[in-house]
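Down below are the structures I want you to see.
The same chain A turns up in both complexes below, where it pairs with chain B and then with chain C.
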Partner chain A sequence: MIAQLTRNERHNALIILGVVGLAGAALGLAGRNDLLGYHGLLIVLFSAMVALPVIRALDAPEPTLDREDEYYDDPIRVGVILTMIWAVFGMFVGVWVAALLAWPELTFTDQAWASFGRLRPAHTTGVIFGFGGNALIATSFHVLQRTSRARLAGQVTPWFVLIGYNLFCLLAVTGYFLGITQSKEYAEPEWYADLWLVIVWVTYFVLYLRTLARRKEPHIYVANWYFLAFIVVVAILHIVNGLAVPISWGSAKSYTIYSGVQDAMTQWWYGHNAVAFFLTAGFLGMLYYYLPKRAERPIFSYRLSIISFWGITFMYMWAGSHHLHYTALPHWVQTLGMTFSVMLLVPSWASAGNALLTLNGAWHKVRDDATLRFMMIAAVFYGITTFEGSFLAIRAVNSLSHYTDWTIGHVHAGALGWVAMITFGSIYTFVPSLWGRERMYSNTLVEVHFWCALIGTLIYVFAMWNSGIIQGLMWRTYNDSGTLTYSFLESLVAMHPYYIARTLGGLLFFIGAVVGTYNIYMTIRGTTAPRAAAGDVPVGRPLAPGE
Partner chain B sequence: MPEFHRKLERSSIGFVLAIVGVASIGGLVEIAPLFTIDETVETVEDMRVYTPLELAGRNIYVREGCYACHSQMIRTLRDEVERYGPYSLAVESQYDYPMLWGSKRTGPDLARVGGKYSDEWHVAHLINPRDVVPESNMPGYGWLARNQLRTDDLSHHLAAMQTLGVPYTDEMVANAPRDAFAQAFPDSAMADAMVERYGAATNVRAFAGDRNTLTEMDALVAYLQILGRLTDAAHEQASAEVE
Partner chain C sequence: MAVKEDDPVTGKQTTGHDWNGIKELDTPVPRVVIFFLIVTALFSTVYWILMPAWPLGVTYTRGLLGIDQQTSVENALIRGAIQREDWEREIATLPYDEIEARPELMQIVKESGNTLFGDNCAACHGLDGSGRVGYPDLTSGRWLWGGDPETVEETLRVGINSSHPEGRFAQMPAFGDGMLDRTEIAAVVSYIRSNAEGIDDLGELDAQGVEDGYELYAMNCAACHGEDARGNRELGAPDLLDAHWLYGSDRTDLFQTISNGRAGHMPQWEDRLSLVQRRILALYVGSLSPAERLEALDVE
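This part shows the complex of A and B:
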């Protein structure tokens, strides 16, 4: 991998790592009497660990082949491996958290780090940013190069984006265990981690644009629209929602600049659009590339693609206030949020429909090929979840569902059924070619993974639908004398069997992910036949300006 | 439309600008007015700020992720008002940086839990909820009673909030560590000055029982006991609506 870099580039990488390490040391010193000190130390160690292989290979021979004749796949390979590591970690914590709700004593220790309130954000960050984020970075690099027929613009930059991003995830998750959090959902990391993410993200954005500028196709392919929207809008959301005043440069603690109702609106504008642009747009980018590719069919309708893309980009940004129905948020904002949420069904189903219609004529492949089936089921769950989302955004429905497990069921229909399934389908599609293999190590194991994932998701989602609706109804049931029938505790006790069922469903899903990781590992180790590297290279050199 | 779009697709910068433009509208229309329109937050006379001890307790609530299971937002629905008390007003979280309205009720809403139980109940409940409520699935927080509360940086905390517009006086900022201590030690010499700064209605007592040190438990219980009691506005509005 390092052999792909010239000596100069290796030096540059070391300089960057040195600067990051120094910044870590400075943080550590300033925060030596604070939790911040641990994170300073972590940054120093992290930089040193990444620097080690670079130093070792500093004098290795330089690349001899013309690199422009090949796609730059090393960062993607590492990205895929990181994706699977985070998947296993994040889902393991998910199962643990689920088990804690059924058996609260399962912490094994009386230590603070293992308590529910600290583990839960470790789960959400681990799966969304660790698993989802790495998958997005890896696939976006892959799709961008193939659809532009150009190599990534930069040798060290892609590494900076990938590794820098993982440093952010690491700071986030270790922070929760230590007790460092802003408590803003999906934006919990503190000010210094947030600042670091801004640097990484802007680099990502510039890399994307510079690579697009080298493309040999006049048009930007649909998948890239979504990846672009993902990168751009997440930057806006992150910066606006993350504005905060640190209490001192030597402290991990900061106060967000928003309070009360303004904070609630900003937070859910962020939170909902993190779902829209992180967990939807980016993954639609995957869908629009890998599904047609695997099915060997063109996208059903270009027109539908346009409608759904701009519909999603425009309307999602209005929808966040549906998280705040019947609260102290002004009524007109709630109504706007509800209206746009319902209208969102149109572009969402346009995408889901477009994907499913693309499969027309390839249904026999869906039957035989678990990889394609992963993506088909993902499109179905995308359709179900967006329908459910529009439904839950209606005030009257929301009055029942809000605060209950129904929301959790909805989230995981999307998270397991859509996000995770499309990711696994995409990864299985390109892992063999990425490592120069004919196919995955075992197609049977892909089948096993598929069924674990599907059954696990169904158990999880049905359990939460049941518990959520029961909970919501119990909270609002009146008896004949006009008083509330059930105490809160009675509703809690009624949840117990569903919490057990959910843990089992989640466990199954987790086992599937472990099987997938093993399968990918064995594919990389390479016991299957290597395949002839046919045609997966950029065509010709990029045009020089003015050419 | 496809023709126009075909052109747009040829320019990455144009495409990015279009995304930024299209995506910005919703947020601008919905969020910007909240900072300017007066009606967003009610003005009430008696709204008070958190004392340093309560603020420290609030930060422990944040650190431990209590918000993952507890909301602090009673909605304007009959059953919620009957179960938890008058619905929450915007002004009640005016000084909440960040707000802790929450999104999931694994446990009950806590917006009005202040004064509902004794300090002893809270301490016992937080150390092991199942000692008090056998069916509970809330975690135990034994370490709160063991950890000494960090007070040396409380002035920084208040100063940061002062920058953001919370009406802390310079005197409050300067005395924050002392005031935190004083609130849990009613007999100490500093208690009077603390009450003078924060008002006679402030709870001053040994929240986590009599001890020589100030623990995180003191702070968290002080915070829980003030929830819903920073202003009477919600109760006043509720009785006005009944009449």
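This part shows the complex of A and C:
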């Protein structure tokens, strides 16, 4: 890996790590009487750990000149491994919090870190940012190079993006265990982690644009638009929602600049668009590349991809206020959120339809190939979840579903059925070629993973649908005399069987992820196939006449 | 120039672009998509015309229906209050025996008492009111202060060892703090255990010092728990000979109770629940222990 860098680049990498390490030391010193001190120390240790292999290989032979003729796959390989590590961690914590909801007495120590309130964000951040984010970075680098027929525009930069991003995730998750949080859902990390992410993310954006500018294909493939929308909008969301004033440079705590209902609106404008651009747009980028690639079919409709892209990009921006129905938020803002959410269904289904119709002529492959089946089911769940989302955004429906487990069911139809399945399908598609193997170590294990994931998701989602609707109904049932029929506790008692079912479904999903990780590990350890099965068009191949 | 190809499966042409082997068909946007775009846009437009929707600087379009969530919720609250008005007035003002004689009122007490109890009391007393260590069983028919609705209403209003200025005060003193030594406490424990109902694990220790225990009891404890150790509802001192225990009846539990003292905390509800709600709960709590009601009837 380091061998791909010239001596100069190795020096640059060390300088960057030195600066980051020094910044960590400064934070640590300033915050030595605060929880911030631990994070300063963590940054120093992290930089040192990353610097170690670079220092070791400082005098290793330099790369040959023609590396520009090859795709830059080292950061992608590391990205895939990190994706799977975060998947196992995040989903393990998911099963843990699910078990705590069913059996609260399992809280095994009275240490604060082991409490539900700290574990839950460790789960959400672990899966969304750790697992999802690394998968997005890795696949975007892969798709970008292949569809542009160009090597990434930078040798150290891709590493900076990948490793820097993981430092952010690490600060986030360790922060929760320590008790550091901004208390904004999906935006919990504190100001210094937020600032660091801005630097990393802007670098990511510039890298993406510079690589696109080098492309040797005349047109930009639609997957890249989605990845770009993901990068640009997440930057905007993160910066606007993250505006906060630290109480001092030596403290981890900061206060957001917004207050009251403005704060709520900004947070859910952020929150909903994080779903839209992090968990949807980026993963649609994956879908648009790996699904046709694996099915070996052309995209059903170029025009449909275009109107879906602009429809999704435009309409999502308005939808956030559907998270705040029946609150202090003015009624008119709720109306706009609701109506745009309803219209959003059309481009969403158009995307799902475009993906499924692409499979025409390849359905026999869907039957035989679990990898392609992962992606097919992902498209189906994408359709189910977006339909459900538009439905839940209707005020009258929301009055039943809000604050209940229905939301959790909806989230996980998307998270397990769509996000995780499209990721696994994509990873199985390109892992063999990435490591120059003919195929995955075991196709049977891919099959096992598929069924664990599908059955786990179905159990989880059905349990939460049931539980959510029962909760919602119990909370709004009145006696003839005009008093509530059920106490909150009775609704909790009614939830218990569903919480057990959810834990079992989640456990199955988690086992699937562990099986997948093992399979990927064994594939990496396997022997190189004589002819790498990549089938990629090489970088910078001159255009054939007529192209 | 891009070369368009025919796709044999669909019979459609590709756009001629090729990205690492991925091609796109030039299929027109299907009609249904356009249709639903128009339908949802129309729906939204109509909705915007009818409901509060678009901002106009300092105000916004109010919508033809004149609906506003603030007034909707205020109206719903008023409607609810009207629906409850009659029976709430009756429960607040009628004497308890009159309420108990009215099945339709008792039906309301049962229904809404169940919810009120679940939301406010069950965390300590259990969903069915049967309590647990430190939290009295409200279904046993044995009371610290009394189970008739008037007494329970007062217990709820002021609480026990609570923050209420008129709160009930119930303190079991810590006799281990120099008043009794260990042998003396052990003797009192023996006295209680060998006389109490329903203790079937009497051991050797329980036979030791029962006589002394009785003496010590009479001197130290009878003032509160009564000569016959049957408790005193004036002071909230429990019956020590019945089979119901707040803190447990084995030797260690009793030793701890006597040596370290006890003072359970029951919150006051005057600031949290309305008079009607407290009266509903008073009746509801009474109905949890039919035994007490029967006893009361027998006496008359």
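For the reader, a short list of remarks on this structure follows.
Methods note: the second predicted complex is superposed on the first by the 526 of 547 C-alpha atoms of A that agree within 3 Å, B and C clash if a C-alpha of one lies under 4 Å from a C-alpha of the other, contacts with A are read in each partner's own complex, and residues count from 1 in each chain.
Convention: a contact is a pair of C-beta atoms (placed from the backbone, for glycine too) under 8 Å apart; a residue touches a chain by one contact, two chains touch by 3 or more.
In this text, all values refer to a predicted model and were calculated from it rather than measured experimentally.
Contact with chain B, but none with chain C, is seen for A:313 once the two complexes are overlaid on the shared chain. Once the two complexes are laid over each other on the shared chain, residue contacts for A:326 go to chain B and to chain C alike.
Contacts of A:484 after superposition: both chain B and chain C are touched.
Judged by the number of chain A residues each one touches, B leads among chain B and chain C. Shared-chain residue A:335: touches chain C; no touch with chain B. When the shared chain is aligned, chain B comes close enough to touch A:257, but chain C does not.
In the superposition on chain A, A:303 makes contact with both chain B and chain C. Residue contacts after overlaying the shared chain place A:8 against neither chain B nor chain C.
Once the two complexes are laid over each other on the shared chain, residue contacts for A:149 go to chain C alone; chain B is not touched. In the superposed model, A:444 lies in contact with neither chain B nor chain C.
Put simply, chain A uses residues 218-219, 302-303, 326, 330, 336, 340, 483-484, 488-489, 493 to touch chain B in one complex and chain C in the other. Touching chain A in their complex are the following residues of chain B: 1-2, 5-6, 9-10, 12-13, 15-16, 19-20, 22-27, 29-31, 34-35, 37, 39-41, 59, 62-69, 71, 73, 75-77, 79-80, 82-83, 87-108, 129-130, 133, 135-143, 153, 156-157, 159-161, 163-164.
Of all residues in chain A, those touching chain B in their complex are 34, 100-102, 104, 107, 110-112, 115-118, 120-121, 176, 179-185, 209, 212-213, 218-220, 225, 228-229, 232-233, 236, 240, 245-248, 251, 253-267, 269, 302-303, 306, 310, 313-321, 323-330, 333, 336-337, 340, 399, 402-404, 407-408, 475-476, 478, 483-484, 488-489, 492-493, 499.
Residue ranges on chain C touching chain A, taken from their complex, read 1-3, 7, 9-10, 14-15, 17-30, 33, 36-37, 40-41, 43-44, 47-48, 51-55, 60-61, 63, 67-70, 80, 83-84, 87, 107-108, 111-112, 114-119, 122-123, 127.
Residues of chain A touching chain C in their complex: 146-147, 149, 217-219, 221-222, 289, 292-293, 296-305, 307, 311, 326, 330-332, 334-336, 338-340, 342-343, 345-346, 349-350, 353, 360-361, 479, 481-490, 493, 535-537, 546-547.
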